[in-house]
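Read from first to last, the chains carry the letters A, B and C; within each, the first residue is number 1.
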C-alpha cells in the first residue's frame, strides 16, 4: 500500500477513463442519427432540411470528427466537458446537479441489500437445507426474475394509486422536506436493492459454505475454539472476500439499473439525462456522463482492492 | 450565470409547492392559491420561441409568449396581439395591432417588434420551424405604427395560420438570444432541469381578468403509467397524453374527467425511389390490404378511428364521406392491384418502424400481418427512434410506419406530410412521385375563395387516392385527464389538439 | 450425486420443452386474432391470448427458445472466455495479468444499459446482438471472480505442493485450481443466466431487445405491462416462467458445486 502503488493505480485509472471516453466519442459519432435533425423532429414533426443544415453549422457538427475530438480533449484538459447540443447547458453543471441523487439512490439500495442479503446468506449457510434456506432460495429466484420496471409499476400501483400512502414518484431536496424526501426515496430504493439483495444472498451463502468446509475451520474447530469465534474470525473473514468482489462488480450493474428505476419513479438522477442524451445524440452530454460514471467506477474499484487487501493480506496488486 | 440563478429561483419557488408533508392530498391547498399542477409527458428540450422542439415545449411556449393570432376553443382563429387582419387590394396581408399590449419587461408591443420577429424567423441563419414559409415573404412594411403589411412572393391564402403556430411568436426586438422576452399571460419563474417548470401569472397581461390561474407548475412524468398514477393519486391536477389503456379508468374515476379528440394519425410511408413501391398500384394495394380496426383495437385500445383516406377531419368543409373511405379494406382488390402491377406472387420487403414507442411497434405488427395475407412478406425493422428518423430522411427503407398530426385543420396543413416534392424528411414518403396531388396543394394555397378551395381540395383528395403519397391507417385519440374541479379547458379539435396548451390561460378551479 | 438428480431433471425438462416447441403441435405463436385479444384462458388456449390475440402458451414456449437460447449462449460464452482470462491474470502476473484484468475494467466502466444502447444502435436490434452485448457484459464478472479466487488459492499449501513437485502449469490450473474455484464460478454462471433473461426483458422494455413479432419472455413482459389493468394474468405467466427457470438454475448450480467441490460434499 505504498504511495508509489497508489500513484500507479491512479495513473492507470486516468488512462482507462480516457480510453472509455474515446471509445464512446467515436462510437457515438458512428451511430446513425443527427442531433440537429432529431432536435427539430421532436414529437414527429418534419423539419426543413435547410433548417437542419443551419443548426448543424451552428452546433459545430460540420467540422471533421478529429477536429471535434481535438476540441473535446482540449476542453477536458481545462476541466470543461462542453455544453449540451440540445439547450447549451454546461455538461458539468448537469452532472453536479444530478450525480448526488443517483449516488443516494444506489447507496440506499445497497444498504438495504446488504442489511438483508448478507445476514440471510450467513444464516442460510449455517442452516443449510433448512426451511429458511429453501424458502429464501425461492424468494431469491422471484426477486431476480421480476424485472425492475414491473416491480416499480407494481409498487406505484399498490402504494400510490391504490393505498395512496406514497406519492407516485418524483423528487424533493432533503433540505426542503426531509420526510417527503425519504418517502420518495423508499420505493425506488426497494426496486433497485431487490436484485442486489438476491445476488448478495446467493454469494454470501455460497462462499460461507466454501469457507466452512475449509481445513482451517476444521482445525479451528478441532482445537476447540468457540463456534461463534470460529464463525466470525475465520469463516466470515474469508467468506466475505468474494462477496466484496461481487459487490464491487454489482456497482456497475446498479448504475445501469438506475436507468429503468429513475425512469419508472421519475427520480431525476444522472441516468435519465444519459438515456435522453443518447436518444437525442447529444454527444457532449453522453461522453461527459459516461466519463463521470467510469471515474466513479474506477474509484469504487480502488476501494474494493483496498478492502480486499485488508480482509486477506495474501492478496496484493499484480 | 443566468442558469444557476434560475435553478435557485426554481428551488425557491418549488419549496412552498412541495413542502406540504401530505403531498398525495394537497389538492385543496393548491386550489386555494390558484396554482395548477400539470403532468407533462416530456421535458421541453429547450424553450426557444421559434425552434420546433415538440408539443410539450409548445404548451409552455404558448403560455409565456404571444403571437398575432391564436386558436379559440372551437379551433377558429382569434386575434391576440393583432385585433384584426385582412387581405388588401394588392394581395398583401395587413394586421392591425391591439393597443396596450406589453412585453414581460413592461415595453409595449410595437409594429417594429413584429417586423423584427418575422425577419428573425426568415433570416439567413435561422433555425426556425416556419423558416421556409417566412422566406416566402418578400417584405414587411409598417404603413402606420399600428399596422403591419406583409407582402408575399406568391399569394398565400393561409398566411394568418402561420402566426397561430406555436413556433411563431412575437418577441421584444432587443431581446438577447438566450433570454427571449415575450408577451404571454405567464412568466417562467423557475425550472428544475429535466423535472419541472414553474410559471407565474404576468400581472400586466393585456386581457383583463386573464390568466385566471395564479400559476402553473409543470411536472414531467415521462413514463405514461406513472403520469396516469400521478393523476389518479392526486399528485397533479391535470395530465396531457393520457395513455390509451388508462382512458377507461380515468373516465370511471368519480373525481376525474377525460377530454379527448381524434387529432393525430398513423400512416404508412413509402420509398418511391426503387421498385416495387415506385408503382402507385403497389402502394394502393397496401392501402386496401390493411384492416384498420385491428390497429385501433391493438395500438389504441379502441381509442381511435379507422382512417381509410386522407387525414381530413370529419365535419370540416373539406371532408367528403366517399373520398374518406377511398382506401377501404378490400384484400381481393389489393391482390388484383398487385397482379396488375406484375407482382401476382407477392414479394419480400421490409417495414421500418421503432420499438421505442409502443404505438409505432404495435401498428407495424398489425400491418405486417395483413400484408402477409396478400403476399407481401415484410421483415420488421425496429431500431431506436433516432435511427428511424435518420433512415427515414435518407430514404434507407422500403416502407415505414409514421405517426404525426397536421400543422392545422386546413388541408394546407397536410402539405408537410403529402408534398413529396419538398426536400426529404422522415415524416413524408421518400421520392414518391405524386404530381397531381402536389399541383392541387399549390393551387389551394393560392386560392382565396372558400368555395373554390373546397373544390380544389376535393380534387386533391381524388388525386392522392390514386397516387398514394401515404396510406392513412388510423386516427388516434389525444386525451387530457383532469380533476373535475379544473374548468375552462378545452381540448382543441383535430390537428390542433397539440395546441390546446394555450387554453390553460382560460383554465380555473371551480 | 443424489442431489443432482432433481434440479438436473428440472432444468433438462425446461430445456427439452423449449427444444421440442416445433413438435408440440402448438398454435402459431405469431398468428394474430384481434377479435379475441386479451381473451381469458379456454380449453383451446390454456393460458389465454395476448393483446394481439396470440396464444400465450405457445408464445411462452417459443419464447423460451429465444430467451433461454440468448441467456445460455451469452452466459457460457462469457463464462468460458472470462474464466480463461481470469486464470491467466491470476496465475501469470506480469504484463499478461495486467492486460487481462485492466481490459475488463474498460468494459466495467460502461453502464450496461449504455453499452447495450450503443451496440444495438450500431448493429441493429436482434438476438445475435443481444448475445454479443450480454456476453461482453458478463465477461468481467467471470474474469474478476476467477482472478480473485486464483489469487487466494495459489498461495495455499496444496497448490504450492503440486508446484514444488514440478507440476505443469496447465495441469495445476485444471486439476488443482479450477475445482477449488468452481463453486463461486458456478454461482456466477447461474446468476448470469438469470440476469441475462432479466436484462433481455429490460432491453426489450426500452425497445432494444428481440425484434417482434418473434416471441420472447422479455417482449411478453413488456407487452403485458401495458395491459396490466385489463389482463393481469398476462404479466404472471412470463414472470412465473422466469422465476421457475431461475430457481431451477440456482438449484442445479448448487448441486453441481457440491458435486465438483469435494470439500462441501460431506456436509
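Going forward, contacts are C-beta pairs under 8 Å (C-beta built on N, C-alpha and C of every residue); 3 or more make two chains touch, one makes a residue touch a chain.
Note that the coordinates shown come from a computational prediction; the quantities given were computed from them, not determined experimentally.
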- Message: Is the chain-to-chain touch network here best called a line, a ring, a star, complete, or other?
- Response: complete
- Could you compare the number of C-beta pairs in contact for B-C with that for A-B and name the larger? A-B
- Query: Hey, which chain is the most central one here, using CA centres?
  - Reply: A
- Message: Roughly how far is chain A from chain C, centre to centre by C-alpha average, rounded to an integer in Å?
- Response: 20
- Whole-Å gap separating chain B and chain C, where each centre is the average of the chain's CA atoms: 44
- Note on the structure: Between chain A and chain B, the Cα-mean centres are separated in Å by 38
- Note on the structure: chain A residues touching 2+ other chains are 31-33, 153, 157
- Task: Could you check chain C for residues that touch two or more other chains and list them?
- Result: 117, 121, 206, 225
- What are the residue numbers in chain B that touch two or more other chains? 225, 356, 383-384, 386-387
- Message: Quick check: in the complex, which residue numbers of chain A touch chain B?
- Response: 31-34, 37-51, 54-55, 57-58, 86-90, 93-94, 97-98, 153, 156-157, 160-161, 164-173, 176-177, 179-180, 183, 263-266, 268, 272-273, 276, 279-281
- Write out the stretch or stretches of chain A touching chain C in their complex. 12, 16-17, 19-20, 23-24, 27-28, 30-33, 128, 137-138, 140-142, 144-150, 153, 157, 195, 199, 202-203, 206-207, 209-210, 212-214, 241-242, 245-246, 249, 252-253, 255-256, 259-260, 271, 274-275, 278, 286, 290, 293-294, 297-298, 301, 308, 312, 314-315, 318
- Message: Help me check something: in the complex, which residues belonging to chain B touch chain C?
- Response: 225, 243, 245-246, 249, 293-294, 297-298, 301, 354-358, 361-362, 364-366, 368-369, 380-384, 386-387
- Query: chain A touches which residues of chain B in the complex?
  - Reply: 3-4, 7, 11, 14-15, 18-19, 21, 23-25, 42, 45-46, 51-57, 125-129, 131-132, 178, 192-195, 219-223, 225-226, 229-230, 232-235, 264, 356, 383-387, 389-391, 393, 402-405, 416-417, 422-428, 498
- Task: Provide the residue numbers of chain C that touch chain B in the complex, in ascending order.
- Result: 30, 32, 34, 37, 51-52, 117, 120-121, 124-125, 204, 206-209, 211-213, 225-227, 229-230
